[in-house]
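Order of writing sets the labels: A, B and C. Residues in every chain begin at 1.
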Amino acid sequence: MRAFLARNRLILLAYLGMLLLLLITALFSPGFLSASNLRSTVVLAAFVGIVALGQTFVIIGGGIDLSVPWVLNSAAVVMALLCAGQNMPLLWVAPLMLAGGALVGFINGLGVAQFGVPPIIMTLAANVILQGLILVLTGGSPSPTAPDLIKFLSVGRVGGIPVIALIWLALALVATVLLSKAAFGRHLYALGSSPTVAEFSGVPTARTTVLTYVISGLTASLAGMLLTGYSGQAYLGMGDSYLFTSVAAVAIGGASILGGSGHYLGTVAGALVLTILTGLLPALNLSSGALLVVYGAVILVTVSIGSEAFAGLGSSLWNRKSREA
Amino acid sequence: MDLIIANSLSKRFGGIVALDRVEFSARAGEVHALLGENGAGKSTFIQILSGALRHDDGAILLDGQDYRPADPDAARARGIAAVFQELSLIPDLTVEQNIWFRQEPLTSFGTANRSEIRRRTLELFAKYHFPTLRPDLEVSRLSLAERQIVEIAKALAKQPRVLILDEATSALPAREAEWLLRLTRQLAAQGLLVIFISHRMAEVRAVADRLTIFRNGRTIAMHESSAVGDAEIVSQMIGRNLGRLYPERISTATGRVALKVSSFSSGNRLKNVEFDLLEGEVLGVGGLQGHGQRELFQALFGASKATGSIELWGKPAAISSPRAALTGRDGIALVPEDRRGQGLLLAKSVRENLTLAVIRRFTENGLLNGRKEAALVGEMVDFLRIKTRTPEQLAGTLSGGNQQKVIFGKMLLTEARVLLLYDPTRGVDVGTKGEIFQLMRDLAAKGYAILFHSSDMEELVHVADRVLVMRNGRVAATLAGERISEEGILSAAILESEAA
Amino acid sequence: MSVTIEQAQAGIESRSGADWRGWVLDRAPFVVACIMLAVIIAIYGSYQSGVFTLDELNLDTAAAMTLMLAGTGQTIVLMRGGIDLSIGGMISLGTVIAATRFTDDPGTVLLWSSAILALGLGIGALNGLLISLLKLQPFLVTLATWSILGGVAMIILPTDGGSVPGWWLGFGYLELLGLSSPVWMLLGLLLFWWWFRSTRIGITIQATGSNEKSAFLSGVSITRVNVLTYGLSGLFAAGAALYLTTQTGAGSPTIGKDYILPSVAAAVIGGVSLFGGRGHLAGTLIGAFILTLIGNLVFVLKVSSYWQPVASGVILLLSVLASSIAEKAARGRGA
């Protein structure tokens, strides 16, 4: 038990922080803990969480994916265009969009693993190229409204529970299985911890790297389609904020940006923290500027806790605490 | 009055005593050689002199004054400059920028004065007859030998009173090595003290006025170079190390060839290596450090490129990557040199490390069977007697010996029966060393074929059935039976006359 | 054996053919960038008259100068082997401070301009300090400070607006010897770089980016290098903000983010290595020109302006691929 606590210290801290935030929010704005408010918080967090799923895999593997904004946006726009508000085309459009996201991820991964292009540059280039292509495709004008099915998936409810929360839960389950219960997860953590040791242990490092970017492409395009349902239609720039929030959610969730550690369960807490903060600040009468300041401060504080400089201090405090307990 | 005097100098790393009341003295104007086997304490000693390490006990007097530099800068300020094997050059700066780094002559605009730097560089090169070297080339484009020469120039640019050369000739081709020997004499003639470390006996003989011999962290003797013979030096370097337990060597080699290596070459570090490794055999690979042992092990494991052919159990094998080497029973496994950089995930558990190479074996329908994994991990922990509180303990928190056992376990789990062991006992306590040797003999008896490199010759002598001695990337000699002795290995590795 | 200084000098001046090849390979990304710029200008010139005039140079430089200033800071950071995302926040903050505090009084403008520059220097130094003391990744630290600075900008001025004095807006149109002030700034930047990279500080920053361990072994204080590096980056970002207000005449709390990744892209296109130690500001400036001129090109080719990001992404990829191929070739040659 103690070993479990020590190993997952950062993830637990993220949840602790989240609960604390909820408490503070409830104090300042008593209505916040209402069912409807919690529901909308979870719905908003789900979009961040889904995008950040792929980002988590990429970052654990030692990379970073800056292409999520426009992979997300592309899937949203193209889906809306192809479906033209109808449900039936989704049957082939949705798989196509996912395949497209996976393809972008595949190309990103190939550039990084095979050609040695730094992840930042590779995914940045993919992002601007997609941005341009989508602008060309749409001519800058907004797309038709989203199909009803997509709307149902993103804002609908089943027995009072938002459908998207269920989707998120299912994805979190899959991610957890992949990270904790599959050979792929072991390979991924090894790759992110030390590419050389992984290579010397026979881990298929190139394949594992490519897979992380493919997963990121998949989740970004899924999030894009769902987000279309939330906002009613696809619009240009709808993915822009998700670069920052996906990386921030992963960092707040306790993963090292250098790779090799972290877990999607931490990222889930990170996504919730970011979303609750968004809800908290209006309650405190703070502007969106203040929100950004708080975001930055939260990232700095959480990554400091995880840093080497604090690792010794943190674990010695932890040990002392658990001895006293 | 001697320039440097060390009195009863001691240094410990954790529980390991690296220097044990070492005595040393050397005077200005001489070339003083420091001799000893790998691990005798030479490099610890010169790291203390050059400010990279601080001693625990004893005292050093420089010019009669206490000398205890806080860092390399402080040592340089007192006139001591060292040329280490591990280079400190900046790859993207030019030769001359490196030589004068942080002490550039400046123009009145505060910029480095290029023409003055060039003038001083050429002056330095001319004064010491440096081999031709373009001062305006980036260091990243130089060969290892050229970098070594730049490192020497960088040390001389500080106008030291004491110059320490640690194996400075080992990276140099013959002509440049000769130049360096002339240079050391020239410097001594100018009144400098040159502390000269080399494994090449002929070189030591050529330049040293006096020599001090270290063994097991102690000073064994100091001689006038002219007054002592090779045989005496070698025997004092080796000494008689008692009290270590080696398992009884019962040859279990069969006639079956497990690994056949022919015309195996890699760059210019490995030239046309050929040998057979038999089933049930422990084949030692010896020689001085840096003569191709590392390249041989890496290339056999697919971690670096090589040409030539490899046969495993009679079948040709194409090993292009470690992944291709680790193919189960007919594969090759490596216990690598760099335990922390190549062998272990320090921040992961013993369990995760042990099963990393074979994790797929525990999956059923894509899911890991934790119980099956835990059972095998438990077996391996027991079999190797890995001292860990639980298999969940982080590998980085284990002792060196137990870390090494985890790497052994990881490779044994792959079931590969050809094992490459690169210096598996380095930094391992004596007790665990004994266990590792016993394990090697046990595995050999079970039909494993083991290629074993150690930087400690004594280990090769007591554990290996045969020993390949490497020199300049080639197999210089293959020793068997009675001929396996430290003298035999050292002779084949050092003394050029026996090269043929 | 003995070689005189003159003989040695003579040997140095006669580069052999192989040396030239190595020299070119080492600078392949920069050469590729120059070729790309030449091609873009050639196409541009063949569709549009008056491309090869001083007026055009003045206009294009004015358009590219914000990116060039931001790119100068980023180049210094990249040379150190780091990355600075916080310049986005700093640029936004600089513009909103200027747009809300500047008055017609030159004294006030001077005061607040100095304050903005000092703020950039200070915030940047703080970045460097946080990276060193907390042992954190530059990416995360500057991501956080980007958010904080952007937030502060938004608190000061929630939406685009504010104003600067009219005479301040005229800055970009000042001319001397037919060259506008941005062109003179461009020359100033080159002069600065030519000076800076030969100073001890410049050499030390480059050396630390090239090999941190070797630099440390040679006695370099890594903390000091980080403080200086990120401090300079912040200073240039503040300069970019001030320049930007002479172009837009207003402050914007969100405009800075448009310069973060383009500044990295401009440097990488110009041959600055993301791994530190290699590069030249001239490359970054050419990269900034390329990214700016693509816009003109798209315009004269009469294709949708939306092709602009596609083109810049492709150019970015081509540049890194060129440098990775050249690196492989150079390594193959060395072995």
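In this text, a contact is a pair of C-beta atoms (placed from the backbone, for glycine too) under 8 Å apart; a residue touches a chain by one contact, two chains touch by 3 or more.
Worth saying up front: this structure is predicted, and the values here are computed from it rather than measured.
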- From the centre of chain A, which chain's CA centre is farthest? B
- Task: Would you mind telling me which chain pair, A-B or A-C, is linked by more contacting C-beta pairs?
- Result: A-C
- Query: For chain A and chain B, what's the span in angstrom between their mean Cα positions?
  - Reply: 46
- Cα centroid separation, chain A vs chain C, in Å, comes to 31
- Item | Touching residues on chain C, where the partner in the complex is chain B | 1-5, 8-9, 11-12, 19, 22, 26, 195, 198-200, 203-204, 206-207, 209-211, 214-215, 217-220, 277-278, 330, 334-335
- Give every residue of chain A touching chain C within the complex, in rising order. 64, 66, 111, 115-118, 120-122, 124-129, 131-133, 135-136, 139-140, 244, 247-248, 251, 257-258, 287-297, 299-300, 303-304, 307-310
- Which residues of chain A touch chain B in their complex? 3, 7, 177, 181-183, 186-187, 189-190, 193-194, 196-204, 260-261
- Note on the structure: Touching chain A in the complex, chain B uses residues 301, 303, 321-323, 325-326, 334, 336, 341-348, 352, 355-357, 359-360, 362-363, 366-368, 390, 392-393, 410, 414
- chain B to chain C touching residues, read off their complex: 71-73, 76, 87-93, 97, 101-102, 104, 106, 109-112, 114, 119, 122-123, 125-126, 129, 132, 134-138, 140-141, 143, 267
